[in-house]
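What follows is a set of structures for review.
Two complexes follow with chain A in common, the first pairing it with chain B and the second with chain C.
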Partner chain A sequence: MTPFLRRQRALADFTLAALARRKGKNIALIAVYSVVVFVLASAMFFAASLRFETTTVLEGAPEITVQKITLGRQDLIDGSVADEIAAIRGVTEAHPRLWGYYYDRINGANYTVMVPDDPEMMPDPGQIAIGEGIPRARGLEWAGAPVFLSRYEGDLKKFDVAKTFSRDSALMTSDLMLMNEADFRDFFDIPKGRYTDVVARVRNPNEVATIVQKGSNALPQMRFVTRADIARTYQKLFDWREGLLTALAFAGILAFVIFAAEKASGLSAEEAREIGILKAVGWNTRDVIAMKMWEGGLISLAAFLIGTVAGFAHVFFFGAPLFAPILKGWAVIYPDFPLSPHVDGLQLLTLALLTTLPYIAATVVPIWRTASADPDAVMR
Partner chain B sequence: MRRSSYVFAALGCLTLLLAVELYYPVFARPHRDGRLLEERTLVARLGLTDPALFTEARYTRNPSLADLNTPFQDHPGSFDHFPSGTFVPSPATPGQGWLLFQPEAAK
Partner chain C sequence: MIFQTPIMALLLVAGLAALTALWAGGFAVTVLRRWDLTDMGARQLRMERMTELVSTLFAAVMLAELAALLLFVFNADRMSSLFVGAMCAVGTLNVNDYGFPALYLKIGVFFAAVIWLILDRADRLGRDYPLTRVKYAALLAITPLILADGAVELSYFLDMQTDVITSCCSKLFTPNNPNLANQMAGVGEAQALWLLGLTALIALAAGIAALIRKRGYGLYALASALMFGMGLTAIVATISLYIYENPNHHCPFCILKPEYGYVGYALYVPLFLATAAGLGAGVLSPFQKRASLAGPLPGLMRRLLIWSMAGFATFGIVCLIVIWRSHLILFG
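Presenting the complex of A and B:
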């Protein structure tokens, strides 16, 4: 061991002995500090994972969605609009879709009912395909139990469940109900030839803006939503939510800052005396500062490691149970989905620097002032 | 043993644990990517546009397709009723499609 390392090791031993003299206070400090890091790290991991999964999966979303707006609201659209959109140069395919929401009076949940475009996914008449959240919300415990839907008092329509989507795709399909077109029109009383919206695929993604412009000129009463708009909505939503969680944690962080600043800057008489004695027995200012660096470094490193390890386990191994009630809102159906493990290295580094450096600085600066003073004056 | 040995050993264990956790996404990647590919194919086949995170109202279930240009969603004077509205920020721009009025520059 080189003399430098030996000296540092001795300083670490001395610092630990000094910390052990105020055991209760220091353990409380590490605990509070770890909780602050835990909340921030959990919010960060959670948002990064959701953002990653949503952006990856929504790459398959329709390139252009066309809605008809009447009186500021989305209205049913005529099927012929699809032909007009398909006629625009650059559009490979456009077709009308049928989908909407169904409010379940039995349990107060909302389902998203949809007629799939893909003939392979179209259920037979009288059958439906459902997401994993619907049997859960309905309390249907055995596989193959039929679903009864009611539109008004006294009305009951039976649908057999042909397929249930797995938990793997729950983030996108939890509340989904796929229905046959004839059943959909009959159940929701939608006249023939009318649809919810029109989706279009384009040959070259760079042409989307031009196609939207041509489309809005030809069909001024329509609203065009592009895949880029959807991606923007979600980027913003997750940034906002992460910010919101951080804002909720802000009160806790503030309390911690006050606690740490009080501990670090308002040196107790005992600590000031200790520094005075050290200087009197021959320690120089550099040694005292090195000792305090060890103190700040050990406390903040321990808190960062405990908080981050626990935050990661909370989000990826236990499915973020502490955040679920905040995110669930008032919805009856909340997807039970596996969070994709995804870590953003830059974010983790930022978290490490933001949580450890200020604390070390807050410990060292006031000590430097005391340590450079005359030992006799400090001890008295 | 010196006191610092115990503390360094504990910090070392924590660092190792963090390293294992950070390696976990790499380890789980093939499974995760397979699952996401399947989910993405399903999204493309069904033409889905939004995750089913908030299912209580249409403007929280499908924020990207909701008529957010309407100030009151349910009836005049109805302020946002659901807590999820807090999580869904208001849009800054009306998107690339324009309703009736087009700015000169976009024509």
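Presenting the complex of A and C:
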């Protein structure tokens, strides 16, 4: 072992013993510090996990969505547009979709009503397939209970539930209601040949921009939305919410920094005597600073580990009850889905910088002041 | 864009570094004007004690800057999904005019920081702190660099527009685009490898000569700087092609991505550290004759030199492994 490493090991040994001598004070410090790390870690892990879920969900979405815009609003689109889009080179498939929202006056929730693309998913006439959130929001407890939908006062239409989606796909299907095309047109009064929008799939993702360009030239009255646009919007939304929480947590960090500076500068009589003795037996200022830095480092490390592990457990084992509403957003009917852990080096490095740097900044001057004082002055 | 957690962490580092640099710069002026070890007065004593604080603070800031350099590149890569047309860090850095200057300044601060820390270490080896004035003159020179780094970084993050279409690495690193990046990409694949091998031989010869003759560290420092330039050129021109197994993809940032097993870090970290240690050994060489350093300094320089050569060797071995394991056949 090199002399440098030997010196550091000796300092670490000494510091650990010194820390153990002042158990109460240090445990209090680590506890407060851990709470700060915990808040930040929870916010970051949760936002990262949500971002990951959205990215995964969007991977299956079509590359391009075409909407008709009339008077600045989205309008019903003609089915023939799908053929024009499909004719553009590079588009593998284009088809019109029927979907919309149904406002449920019983509980104030909005359901997403769709006619599925996949013929296998298509319910029979008079039947629907629903997400797990709908029976939950409506309080329908037994399986097979029919769903009654009312469009206006006095109107009531009965649908039999053919299938309920499992919780695994909750992020996508929680508020979803799949309907037969004929039922859909009848229920929402949509004329034949008209659709909500058209979606297109593209074989090579690098060609999306070119295809959008061609499509916009051929169909100037249409709006083209790409999957990347949607992903970007979600990403920004979650980033922004995470950032806002971090900024709020930073107020907590500042309070903690003041607390830490206060603790570091207010040396107890016992500590002052200890430093006095160390200097009297030949330690120089640099050794004392190194020892105190070791102390700060060990405290930071302990708090970082405790806070990060607690944050991880809070988010991934308990579903982040403390922050979920702020980061997820609100809705009457909200998907109930398990979060999958998604932690990487970037997050840990950011977290370490955000929490340990202010602590070092706050304690270094008080440490230097005590370390550089004369032994007799400190001991007196 | 400022409400991104990694950006806030980066700005925190930049802010603290700027504050420390300003304060330390002010103290450096006092040291340069008044430092006199023969003076037994209270002011000199205070100044001597203050140097401990400055050294500790500056060392902490410099370590944070090293972490910030990694975070900066890592985050640029992560944020690329937010910009139209960006596929890796290049796109994010190209979002506005401040991105690449911010990266270059960060790299500059990295080298300046390591060299300063080496000077500080050497200064502490001598009983009479023989390098104090040199060290504080260097600190005064680094201060503007740190301030510029902070300012450019802040402008970069404040000016990020997500609706601007940026260019991807495939556009920047192509031989038919007139700028430095493309000149690097334009160097022939074989030529880049030959030049890297030749530079490595020169560095090896200079290093061994310095170890035996105990002088010529300045020459080794020059060779290290050359090695750094050639290393980067070789990564852009040849090594990256082997990693991507694609004869047209020259990007030096995509190799940091998880898809390629983060192999970029195994290349860049040894290259940067080796260059810094080599430069440090060169910077120290004029001070060998100072009386109080004559004993301990050669040992430190020797260690730096060995570390530097080990770093370059690691870089070279990683390059060879990459080429050996690749399925791409560029020659033959």
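The criterion applied here is as follows: the second predicted complex is superposed on the first by the 309 of 380 C-alpha atoms of A that agree within 3 Å, B and C clash if a C-alpha of one lies under 4 Å from a C-alpha of the other, contacts with A are read in each partner's own complex, and residues count from 1 in each chain.
Everything that follows uses one rule, which is that a residue touches a chain if its C-beta (ideal position, glycine included) is under 8 Å from a C-beta of that chain, and two chains touch if they have at least 3 such contacts.
Remember, it's a predicted structure, so these values are computed and weren't measured experimentally.
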Chain C versus chain B, contacts on chain A by residue: B
Which superposed partner A:301 touches (first chain B, second chain C, both, neither): first
Which superposed partner A:240 touches (first chain B, second chain C, both, neither): both
Touched partner set for A:258, first chain B, second chain C, both or neither: neither
Which superposed partner A:31 touches (first chain B, second chain C, both, neither): neither
Which of chain B and chain C A:199 touches, first, second, both or neither: first
First, second, both or neither for A:228, with chain B first and chain C second: both
Partner chain in contact with A:377 - chain B first, chain C second, else both or neither: neither
Partner chain(s) touched by A:44 [first = chain B, second = chain C, both, neither]: second
Residues on chain A lying within both footprints (that of chain B and that of chain C): 228, 236, 240, 244
For the chain C and chain A complex, residues of the former touching the latter: 2-9, 12-13, 16, 49, 52-53, 56-57, 60, 64, 67-68, 70-71, 74-75, 78, 81-82, 84, 124, 162
Of all residues in chain B, those that touch chain A in their complex: 2-4, 7-8, 10-11, 14-15, 17-18, 21-22, 24-25, 28, 32, 35-36, 38-58, 60-67, 69-70, 82-84, 86-89, 91-92, 95-100, 102, 106-107
Complex contacts: residues of chain A adjacent to chain B: 9, 12-13, 16-17, 20, 53-54, 56-62, 65, 67, 69, 72-74, 97, 101, 109-112, 114, 116-118, 121, 131, 133, 165, 168-176, 178, 197, 199, 208-209, 212-213, 215-217, 220-226, 228-230, 233-234, 236-237, 240-241, 244, 298, 301-302, 305-306, 308-309, 312-313, 316, 327, 329-335, 338, 340-343, 348
Residue numbers on chain A that touch chain C, as the complex places them: 43-44, 47, 228, 231-232, 235-236, 239-240, 242-244, 246-247, 250, 285-286, 289, 293, 345-346, 349-350, 352-354, 357-358, 360-361, 364-365, 368, 371-372
